[in-house]
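Supplied in structure tokens, the structure appears directly below.
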Amino acid sequence: MLYITRKERFNAAHKLFRQEWSDEKNMEVFGKCSNPNWHGHNYDLYVTVKGKINRETGFVIDLKFLSKLIKEMVIDKLDHKNVNLDVDFMAGRMASTEVLAETIWQQLEAPIRSQGCQLHSIKLYETENNYVEYFGDENH
Amino acid sequence: MLYITRKERFNAAHKLFRQEWSDEKNMEVFGKCSNPNWHGHNYDLYVTVKGKINRETGFVIDLKFLSKLIKEMVIDKLDHKNVNLDVDFMAGRMASTEVLAETIWQQLEAPIRSQGCQLHSIKLYETENNYVEYFGDENH
Amino acid sequence: MLYITRKERFNAAHKLFRQEWSDEKNMEVFGKCSNPNWHGHNYDLYVTVKGKINRETGFVIDLKFLSKLIKEMVIDKLDHKNVNLDVDFMAGRMASTEVLAETIWQQLEAPIRSQGCQLHSIKLYETENNYVEYFGDENH
Amino acid sequence: MLYITRKERFNAAHKLFRQEWSDEKNMEVFGKCSNPNWHGHNYDLYVTVKGKINRETGFVIDLKFLSKLIKEMVIDKLDHKNVNLDVDFMAGRMASTEVLAETIWQQLEAPIRSQGCQLHSIKLYETENNYVEYFGDENH
Amino acid sequence: MLYITRKERFNAAHKLFRQEWSDEKNMEVFGKCSNPNWHGHNYDLYVTVKGKINRETGFVIDLKFLSKLIKEMVIDKLDHKNVNLDVDFMAGRMASTEVLAETIWQQLEAPIRSQGCQLHSIKLYETENNYVEYFGDENH
Amino acid sequence: MLYITRKERFNAAHKLFRQEWSDEKNMEVFGKCSNPNWHGHNYDLYVTVKGKINRETGFVIDLKFLSKLIKEMVIDKLDHKNVNLDVDFMAGRMASTEVLAETIWQQLEAPIRSQGCQLHSIKLYETENNYVEYFGDENH
């Protein structure tokens, strides 16, 4: 088994808040991340796929296919968007990096499986100091 | 003369658009940067100061002072904010990286001069692929 | 389960040596790292915490809490210090990156557990070319 | 158990192609990576070793030894070389990053085991956007 | 005046050698860079343009235009190519980073001038340890 | 004219203090950098040389020569050393990054001039957030 990773990027606005909470409660829990007028990030996304090497091509998965898939299913929906307002698969969810990683997994898991590989992990950097990793519900 | 640089960071939302233009014209000129619901970036800011070495301290300028000054005059006003809506010194201006660099210069030039040094340049990264530099109107 | 990582930094002096060995033996085993007058590094520390997403906040652990905890328990004791001479939790131990990672784990494991999460790993870079990872004694 | 990683680098030319295929078929499967006149990369190699801390030295493995071993067994054979034409251990294999990682593992596994440690993983970056990881056939 | 920089990348093979010299002389002058079977690099290219801010758009130059121009005039001709064999504007020249920077300047200077801006510099990284900068023949 | 830069690294201990001042005064002026037991850094050094391209080699200066020169004149004297105690060319000087850059210039200026080139600048990073640049006394 070999693991191969593709890095992609998107720039997006978001805020952390709960509609049903007061601004004060949102500020208490989420701090400056709850700014009502939004803030934003350059997100770095690492998608890791696990599989066997095809001895004819030397590939686990065609990286051109993987990059195209990530762009269509994830980047085009998030890049230069507002995570809270513009992204169908984030509707009704907290726009935290944690939830975003989990939701990106759900976007990519099936199409990668259809190539005879497994999605192994989603690693998502919000800043150079904070990142999350999700391995699916069964792996860990 | 010696040049010393301090790097600081801020995360902010913005959009590029002109109120008096249609959404179509904004999209034509600014592309996806004109998304009405905003997007955002992790900005990296480099402030370069030019001066003589003080032989008693070995310093051109006290970096603790410089870092505190940048935080008070620039970072606290931009970090986790919306550049178009929340920032007093950007009111009525295009929220482009170019204009932002020029405006940050205006925030810092006088207080640095009051320390017996010169502000040499503002370098501002919007993404790892795009950055601008401003050296003031007289230097270049 | 989701993994979230916070990066912090500290700058410290250290040397690798054993008091009971001669300078020659120390040089033979530890090379230039045994310089009696010390040398130093910019250390990068990555603390990874494992837990479930709280559906109300979207958080595994509050990163403001985690960052504050790491600063109080680790960074304040190591930053701009001498690892061999100034750090209570390193007293009597080899000041290697390996031992430092293990000891930082011991500083952080209980307070993170008290938040309903698990400390998953300590990753410590000494230089861009060398880093260690410790996952506790039971995990691996 | 503790994991320690050493990063080394090499710059090499390669192409992805199968001699028995037409140029068109090679282009279809491998795209621009099949350019008959070669292209090249700055490869970053991370070798991770797993072991117990020696309480006398604070080391899992002597990094000077590990670095020397990687240089002799891997870097000297790949740096400023053509992966397809110049490298004995790649003869007759596809010059993909995946196969290269697997083959570098085979070069290093036994000499690291002879030091009382285990080779844990080979991580190989082809570009900042693509990397592979190999953990051996038994580990995963 | 404001300076704006766009970063692009290309991966290419090359070698340093003179046909009329023996392999021994080439090795003596160019070292391992003269390997007859080529080697390669991930090149990072920074193109800096100097101009006035357009007050309507906040731009010095449209970065989408600049990126497209660099791709057409430079990247498409160099990426996944052999600098010595495949690149029209390098024919008959030494494939050194120095000469490459100078030649990339010649590709970009006129089309950038036609936009009412000036090309200020070409900065080209061959590895993380080596880069060159060219400012044209008149500037410096 | 073309500018070529070589990056080298050294890891060293230092402190900022004046013997004739009290510990309190040193703390007031230099803060935690005055810790009597030292602290340290991974320094990144960029040496930029300016010259004409030799049309036979494509070189401004032989980078193997430049790297060897920097290692002999600078890195070997600073790496794994104490800047205040171990370095001949820093004796009696403040061990600040500013003074260090100026002194490294003095080490390298003459031998680079003897190659028919000019030393253009010394850029020295103390941390990822702080760096200084020195261009000699006549250039700026």
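Order as written gives the chain letters A, B, C, D, E and F; numbering starts at 1 within each chain.
Note that a contact is a pair of C-beta atoms (placed from the backbone, for glycine too) under 8 Å apart; a residue touches a chain by one contact, two chains touch by 3 or more.
Owing to the predicted nature of the structure, the values given are computational and were not obtained by experimental measurement.
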Inset, instruction - If every step must land on a chain the current one touches, say how few steps get you from subunit C to subunit E. - result: 2
Inset, instruction - Indicate whether more than half of the residue numbers at the subunit C-subunit F interface occur in both copies; give same if so and different if not. - result: same
Legend entry - Chain pair among A-C, A-B or C-F whose interface repeats that of A-D, sharing over half of the contact pairs by residue number: A-C
Legend entry - Whole-Å gap between the CA centroids of subunit A and subunit F: 42
Inset, instruction - For subunit E and subunit F, let me know how many angstrom lie between their CA-based centres, rounded off. - result: 28
Legend entry - Residues of subunit E engaged with two or more neighbouring chains: 128
Inset, instruction - Throw together a list of every chain pair that touches. - result: A-B, A-C, A-D, B-E, B-F, C-D, C-F, D-E, E-F
Inset, instruction - Going by the contact rule at the top, pick out the subunit F residues touching subunit C in the complex. - result: 9, 11-14, 32-33, 35, 37-42, 79-82, 85-86, 127-128
Legend entry - Residues on subunit A engaged by subunit D in the complex (per definition of touch): 1-8, 48, 50, 53, 55-60, 63-64
Legend entry - subunit A-facing residues of subunit D, complex: 16, 18, 29-31, 93-99, 101-102, 128-135, 137, 140
